[in-house]
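Naming follows writing order (A, B, C, D and E), and every chain is counted from residue 1.
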Amino acid sequence: MNNIPLVHFLYLAGILFGIGMFGVLARKNAISVLMGIELMLNAVNINFLAFARYWNWNSLTGPVFVVFVITIAAAEAAVALAIIISIYRHLRTANVDDAHYLRG
Amino acid sequence: MIQVQAFLPELWLVSAAFLVIIADLFQKSTSSKTVVKGIAVLGVVGALLSLCCISGCGSCPISACCSAVAGNVPTAFGGFLKTDALSVFFKVIILLATLFTLLISFRFFKANPTPYLTEFIAVLLFSAAGASALTSAQEIITLYVALETLTISSYLLASFMKKDKASNEAGMKYLLLGAFSSALLLFGFSYLYGFTGTTVISEIGKVLATQVASPLLTLSVIMIVAGLAFKISLAPFHMWTPDVYEGAPTPVTAFLSVASKTAGFAAFVRLFWVGLSVPALQPTWIALFAVLAVISIILGNLEALPQRNIKRLMAYSSIAQAGYISTGFLAGGQLGLTAVLFYMFVYLFANMGVFLAITIVAAKTGSEQIEDYAGMWKRSPLIGIMLLVGLLSLAGVPPFAGFSGKWYLFGAAISKGYTWIALVGMIFSVVSLYYYLQVARQALISAPKDDSPIELSWVENAVLVICVLFIVTLGFWPTPIMQIAQTAATSLFN
Amino acid sequence: MFSVLATILVPFAVSFCLFHSVAQGPNLLPVLSTFILAPFLAALLVMIAPEKFARWISLGAASFVLGLGVKLFLCYQTAVSGFQFVEEIPWLKNLGISYILGVDGMSTLMVLLVTCVYFAGALISWNISLRRKEYFVLFSLLVSGVAGAYESLDLFFFFLFYEFAVLPMYLLVGIWGTGRKEYAAMKLTVYLLAGSAFMLVGFLAIYFTSNVHTFDIRALSDLSATGLSVSFQNTWFPLLFVGFGVISALFPFHTWSPDGYGSAPTAASMLHAGVLKSLGGYSIIRVALPLMPDGAKHWLPYLAILALINMLYAAIVALKQTDFKYVIAYSSVSHCGTILFGICTLEAAGLNGAVIQTFSHGIVAAMTFALVGTVYGKAHTRELAKLGGLSKCMPVLGALFVAAAMANVGLPGLSGFVGEFLVFLGSYQSGFRGGFSIFQALFPIGVLAIVLTAIYYLRLVQMVFFGPVKDPHLNEEVKDGSFIEILPIAFLLIVSLLVGLYPKPFVDMSNLSIAPLIDHIGGFK
Amino acid sequence: MIQYSWLIPTLPALAYVLITIFTKRFKNISAAISILTMASCFALAVGILFELLKMDPASRSVTFGTTWLQIAPWQANVGVLIDPLSANMLLVVTFISLLVQIYSLGYMHDDERFSTYYSYLSLFTASMLLLVVSNNYLQIFVGWELVGLCSYLLIGFWYFKPEAANAAKKAFVVNRIGDMGFLMGVVTIGMVFQTFDFAQVKDLVAQGLANHTLASGYVAGIAILLFCGAVGKSAQFPLHVWLPDAMEGPTPVSALIHAATMVAAGVFMVARTYNLFSADPLSMTVVAYIGGFTAIFAASIALAQDDIKRILAYSTLSQLGYMIMSLGVGGYTSGMFHLTTHACFKALLFLGSGSVIHALHEQDIWKMGGLSKKMKITTITFAIGTLAIAGIPPFAGFFSKDAILDAVKDSTIWHHEILYYAAVFTAFLTAFYMFRLFFVVFTGEARDHHSFDHAHESPFTMCLPLVLLAGLSICVGWLNWPGVDAYSKFVYYGDLHLEGGASNFVQLLTQSWLSIVVAVAGITLSAMFYYWRIFSAEKMAVTFRPIYLLLKNKYYFDEFYGWIVKTFLFGLATILKWFDDEVVDDGMVDGSGWVARKMGGLLSLTQTGYVQNYALVVFGAVAVIFLLVSF
Amino acid sequence: MENMIFYVIAGITVASALMALTVRNLFHCALFLAMAMFGISGVFLYLNSDFLASVQVLIYVGAVTVIIIFGISLTRNMMDERSKAMNHQFLFSIVVALLLSAVIIAAIQESPFVGAEHPMSLMLSSTTGDASQQLAANIASPDHPFQGGVAYLAGALLRPENGFAFAFEFVSILLLSALVGAIVIARKDPA
């Protein structure tokens, strides 16, 4: 058993969440944005596991949640790519900015 | 002990979806796919009827609520899934919305043929199953999975017209915003889990009841609010709504505006009024909702004013409606939740009726611009009346049901001392009247540019008439639905 | 002509007799609901029936309701007073909402007013040809709503019926109006609903703050039971007053009225000016005063200023109008100011004056609008600059218009005088009681209105009917009013004369409501 | 008979209804109905007079009525009060009315709205009689307003003439201004005394003044408010402007309404409510001075007028001023007596002028002349009227005017000598301008031969009233023949006490030498100018051109009022209309709509279409909300 | 020592995450992302979750990253060197990201988790009467801490009475729906 304090995991998760968020907000390319989202979800996973340990594995809720998050993230990624490909067919670009015809 | 009744509607929907896919294998791709449509409709109707089995009384699904509260609450999966009266009520709304969506999509895809009608229906049914399951979920993971089933399917539905640039764009925007909203939601959940060590909503409430507020807890609540507010398009998390509503195929817009929103409110109700309704947090999130509701009402109504595209208009309208409903939600208690439920029910008919009308008109004229509704009284009086009745119900004008709904919503808010919210709400209802009436004006007053009548099938006729009658009758005589909604609301606190 | 008379007389007689038989025995027929249902059913019937029957059905229903209204007026037991013919059906028990109808003296008068104007309006719409069916459907629905609003004793239903009336109005103005009709329709609707925004919130606030948990006005009027605090009353009274005031075109929320009436079709402006607009003053007396007497006592002296502005400002603005109908519309605003001013006196005389003025304004405004509409239908213009000397070609209409003008001016012998006189009496009395010296200062200013009204009405008469004929076409082509056009106007004139010549039964009727109210409130002391 | 007195106003009202609804198309029937009802009213009035005379002088007052409206503690009645005052008025009104209606048979014969004319006359008489028999302040106000309406309708009878339409409007509006005061007075009475009844108010005032619960100044205030009404209706300065213009109406109407009866209503009202006026010297002084000023003021204007009816109108103003002044100085009986005699001779003069106009179709006196040759009856009767108004004994005017001068002389009000000299001077002016009129119109040579050639004596229906009135103009004054004093013993206020003290006619003549002298002087001067033409009026006009113009233009009062109305009222209206259109409507109403739409437009710019902007808002909102919640 | 390695892993993770989201070349991004995912699976090991760590590697590094690279290849011209990596709101994004991160970190510093390694008492056992309590009683205790074992997880996920079974079943519906939909949308229709 290591004795790394809980908050350090939380810090790490927070920082990763922030980095992911930055990617979501600032990257031009849709796939990069997707990567940002994946990072955010991983930050969530770190949190869940850290708290699961903190609660002394009193329930399996944390790891179970992580399983679902990973699964759903994968599904989301697949769907996202499908949509990105579809949009690419129309616009010949995968830049998020370029799809802004709906506005106002 | 697992009671199948607890997830019977989902079972119906999922089975229907599978059957649809299977049936499609035996149909020619060029056929009108009557069998597929039939199965889908039957599936949803079956799901609706299955709600009767929940109480075993065999009467209409809505009255099932009443018996469900009597104690025989079907429970499954260790209590993670519990179909109480509240969820039955929500399910009824969601299933009816799905039924309407199916109907709208039949007309829609007749005008915009696609080879993937089967897949559309299947995904729609999966999505509906997600929404339906969400209303019964008593635990966060279950809730999250159901929510994502709804949401991810919705992304796909929104971008289903893949030859249409707008649909693609709508899908992408919905997906990206939806995905990181759900990341935000999960991040909030993770801290909540950290504070309580459990994901069972009722236990979260029990644990938190003894804790003092800490910034992290508050942050997690805010993140949860943000993540879920996305679903009900509450400002400032509403930004996706206009773009997606405008770009998505009309049936999907209809589905999002009712089913998805209902599911969002269902999640909110469970999570906040059961899980987070603790002294340390409640004032914070109620204040937060008050602000968000007011912002939504103001933003939604103001931004709707300059709109020319009716779907976009409906998007802003739905933002404002979310604000109204939130006033009832934040008032809480039996009264507030009753108001929310009743209003959602009314909203269902008004919005769905209007979207059906929009689809029919768009199928004929190919336009979603408000100007093109000119002279609808001559081309199809029923559509004209539907638009008038539906939109004015949304505006809350008597004698339409929206009025009774608002009466209860604002009543609930005022009963908890949020008179100012009610005042803002009412004043902006008047603003909303301006844009709703613009549509009604075109439809009922202006002279038609094109005289050709718009023909409706008998089903559409019937559905429109039912919508109108429902809205008018509920305006004058809201009593039965109100009582059921009240029973449903009561069940939350049992 | 004979078929028209038959359509009028037969239903009139039927309802008169029908109600007669009921009024004798136990109250089996829901009389008050009939006022709402009869126009409603007429609307449904018109919807189903072929177009050519539309106006006959409406007229029949109007006559039926008129008979009922007259009979109600006669059968109301003045000895007993209080709310009579009460119908009560629980609606939502847990929210304290019930469907309660009932009339006391004041609302009996108002119901009578509604029926009179409905009847006259149905006749005046006789020659509508555009989308006739829809017209009569909406027209009847409008009446249905208004009648409901005057009869409701439950705030929920009061509100519901009131707004129910707004919607047909929108379409009536929008479709059958003239000029900037769509703008006017929108303005009118948005304004009236904006006013009702305050009403709705106010009603709910009253419900949730009071201890009785009901929307029943009767129960809410018992101040000791409701326990509405003084500060609550002081907060909500002005808001409710303004909310109701918007309906009565309270300054500065009055501009919907000229635009709306300027554009509305004749019968719609008649009903709106005559009946719907009066609802503002009526509901202040019915709801705001009994429920919040302390707030009333605190605020009315200040609100009286607004009412005064209404009276004088609208009258002065009317002087410079160039459109025939706009003058009338501003006059209506001014008269509503008198009504509100009467209410602000918080005196038996003033309040009775307000009620009588409400009734009178309803009849007279309807008559005036009917005349304007008829003249417009013949001359095809409402610009004062183009009209002139019309008495030459339409002497009967001219004479009737002079009569209408005189009724507006408040000439004794016509209904307008009674109300105005009582209002002035009340306002003076109010000042005399020493409640607020402000009244004494304001009273003489109020009387100025009678001069101003005379000026602009006589200017109107002079410009439109007197003097040489400006447009030679008018003289040749235009005929005097036909029987069916004169009939409704003459009918309203007779009602106005009745009130003016022998006001006692009407004032007695109104005092049946006002006297207990004054006892309840206590007046400025 | 008195118990049927309520029929007096009712019968003409019925006649009005009958004519309006049924007999519009049948001229003769309409006239017959109207005249017959009037005759029966006159008969009733005579009957009432005799019944009153039979009663004890101290209790000649009968009243009865019924409730008109009731709001505790008020009860407004409609009722009848018959006493010498109202009996006097009843006789005057019904009689003059009857004669005028007969006269109109000839005068209005060719008018296509003959029936309407008679219906209006009936309505007028009904209203006037309602006012006269009233037993309370509210009813008198009601009648007051109704006669105003009839005056409006009759002045504007020829509505297609723009002048007539204007004059009608002016009359009504100016009257309304006075009525505003009247209404305030009535309302104040209702408020203070909780009743409108004359008798009750009288008792309450007496009680209140006696036990000092009521300040006499308060009563004076009420009285002055009421007097505003009289100022309007009796066309006293400064509300006199409407009466000359009212001459646009048919001449019989002028005779009836704007000379004999309606304009006297103000005098009647002051007399009727005399207890309020006499409670305080202030109100009396105001009344007296307004009356006196009007008398001299109007007489001076009459000097320079050219229109036959306008001269008579100004003369009416002047005579009404006399009556009002008389009441103001305490000459109750003399005022009412002058009202009665004036009714006769002024009606005569107007009808005579109507006869002239009927003959010539001309109203400018400078286009007339020498009519005595063609219209004997008219000339003689007119001369009698002129002598009567000039105050030459033994014509009626002499007695009443002299009584007024006596009353002024004996009064105790503030500087009554000013009033006295003014009154005397007015008498002089009256004699002068009336004879100017007479000489110019009836003597000398015809100035416009074309119309002169067509001139002819009027038909019998018109001459008969002239003759009857001429007879009365001579005889009515004899009611107060010194020593007999029949009138003074019948109509008086308070306790009976005969003043003046002349016990026979000679004594009277010597006592009133001054008034006779000024009258004769006026006539002589007038004759010098216009009959013998020793002096030239034209030269005088040139010499005193500013004064002439001032008089000719009626002291520019119309212009002044016109300027006030145009500048202030219509100026205010322009400003407020601008305010209403631009500020309230465009600014506030449409402005708020505009702002809402603009805000909507601006806000929807936030929907940039860039999905990452939306995301930024979401995350930003979370951070901001957290910061807001935490701090 | 053990701890030091954790911090190194954490540092590498953060650094490669940063690189993944700032580097212009998308392939490089994907590779950095894969590296970050490896790092995160290493962190999972420190949280006693060896199974989940392996799942992390399998799914993220093995599947997701591959899918992403696949997507990158399909939309070829994304690697165009000329196009910028960052959009117009780059600066705002930094501000907001820093702000929210700062907020999160500040909130964590204020939280009761600072310094506390385990909750004071197991409130859970006293309050729960439901599935999770059974779980707690059956499979985990301070003496026998959970080791991230597959069996435990499987039990939790699959046994119907454990509640999570529904979510587990339902997620398959989600996957199916995503599959069907994604195929329809990504499929290139015959023209």
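As a working rule, a contact is a pair of C-beta atoms (placed from the backbone, for glycine too) under 8 Å apart; a residue touches a chain by one contact, two chains touch by 3 or more.
The structure presented is a predicted model; accordingly, all values stated were derived computationally and were not measured.
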Strictly by the touch rule at the top, which chains does subunit D share as contacts with subunit E?
A, B
Starting at subunit C, how many touching-chain steps does it take at least to reach subunit E?
2
With centres defined from CA atoms, tell me which chain sits nearest the overall protein centre.
C
Dominant chain pairing [most C-beta pairs in contact]
A-E
Can you name the chain that lies farthest from subunit D, using the mean of each chain's Cα atoms as its centre?
E
Between subunit A and subunit C, tell me the centre distance in angstrom, where each centre is the average of that chain's C-alpha atoms.
65
Roughly how far is subunit B from subunit C, centre to centre by C-alpha average, rounded to an integer in Å?
42
Taking the mean of the C-alpha atoms as each chain's centre, how many Å separate subunit B from subunit E?
30
Using Cα averages as centroids, what's the distance between subunit A and subunit B in whole Å?
27
Which parts of subunit C, given as residue numbers and ranges, touch two or more other chains?
190
Would you please write down the residue numbers of subunit E that are in contact with two or more other chains?
87-89, 92-93, 96-97, 100, 103-104, 107-108, 111, 113, 119, 124, 132, 164, 167, 171, 174, 178, 181-183, 185
The positions of subunit A in contact with two or more other chains are 10, 17, 20-21, 24-26, 33-34, 36, 50, 54-55, 58-59, 61, 64, 68, 72, 75-76, 79, 82-84, 86, 89, 96-97, 99-104
Check the chains against each other and report every pair that touches.
A-B, A-D, A-E, B-C, B-D, B-E, C-D, D-E
In the complex, subunit E touches subunit D at residues 87-89, 92-93, 96-97, 99-100, 103, 107
Considering the complex alone, what residue numbers of subunit B touch subunit E?
2, 7, 10, 14, 21, 76-81, 115-116, 119-120, 122-123, 126-127, 129-130, 133, 139, 141-142, 144-146, 148-149, 152-153, 155-157, 159-160, 162-163, 171, 194, 197-200, 203, 206-207, 210, 214-219
Taking the complex as given, what residues does subunit B use to touch subunit C?
377, 392, 397-399, 403, 406-408, 410-411, 414-415, 419, 422-423, 426-427, 429-430, 433-434, 437, 441, 444-445, 475-479, 482, 486
Subunit D touches which residues of subunit C in the complex?
187, 190-191, 252, 254-256, 259, 313, 316-317, 319-321, 348-349, 352, 389, 391-392, 402, 406, 411-413, 417-418, 421-422, 424-425, 428-429, 432, 443-444, 447-448, 450-451, 454-455, 458-459, 461-462, 465-469, 502-504, 507-508, 511, 514-515
What part of subunit C is in contact with subunit B in the complex they form?
91-92, 94-95, 134, 156, 159-164, 166-167, 170-171, 174-175, 182, 185-186, 189-190, 193-194, 197-198, 200-201, 204-205, 207-208
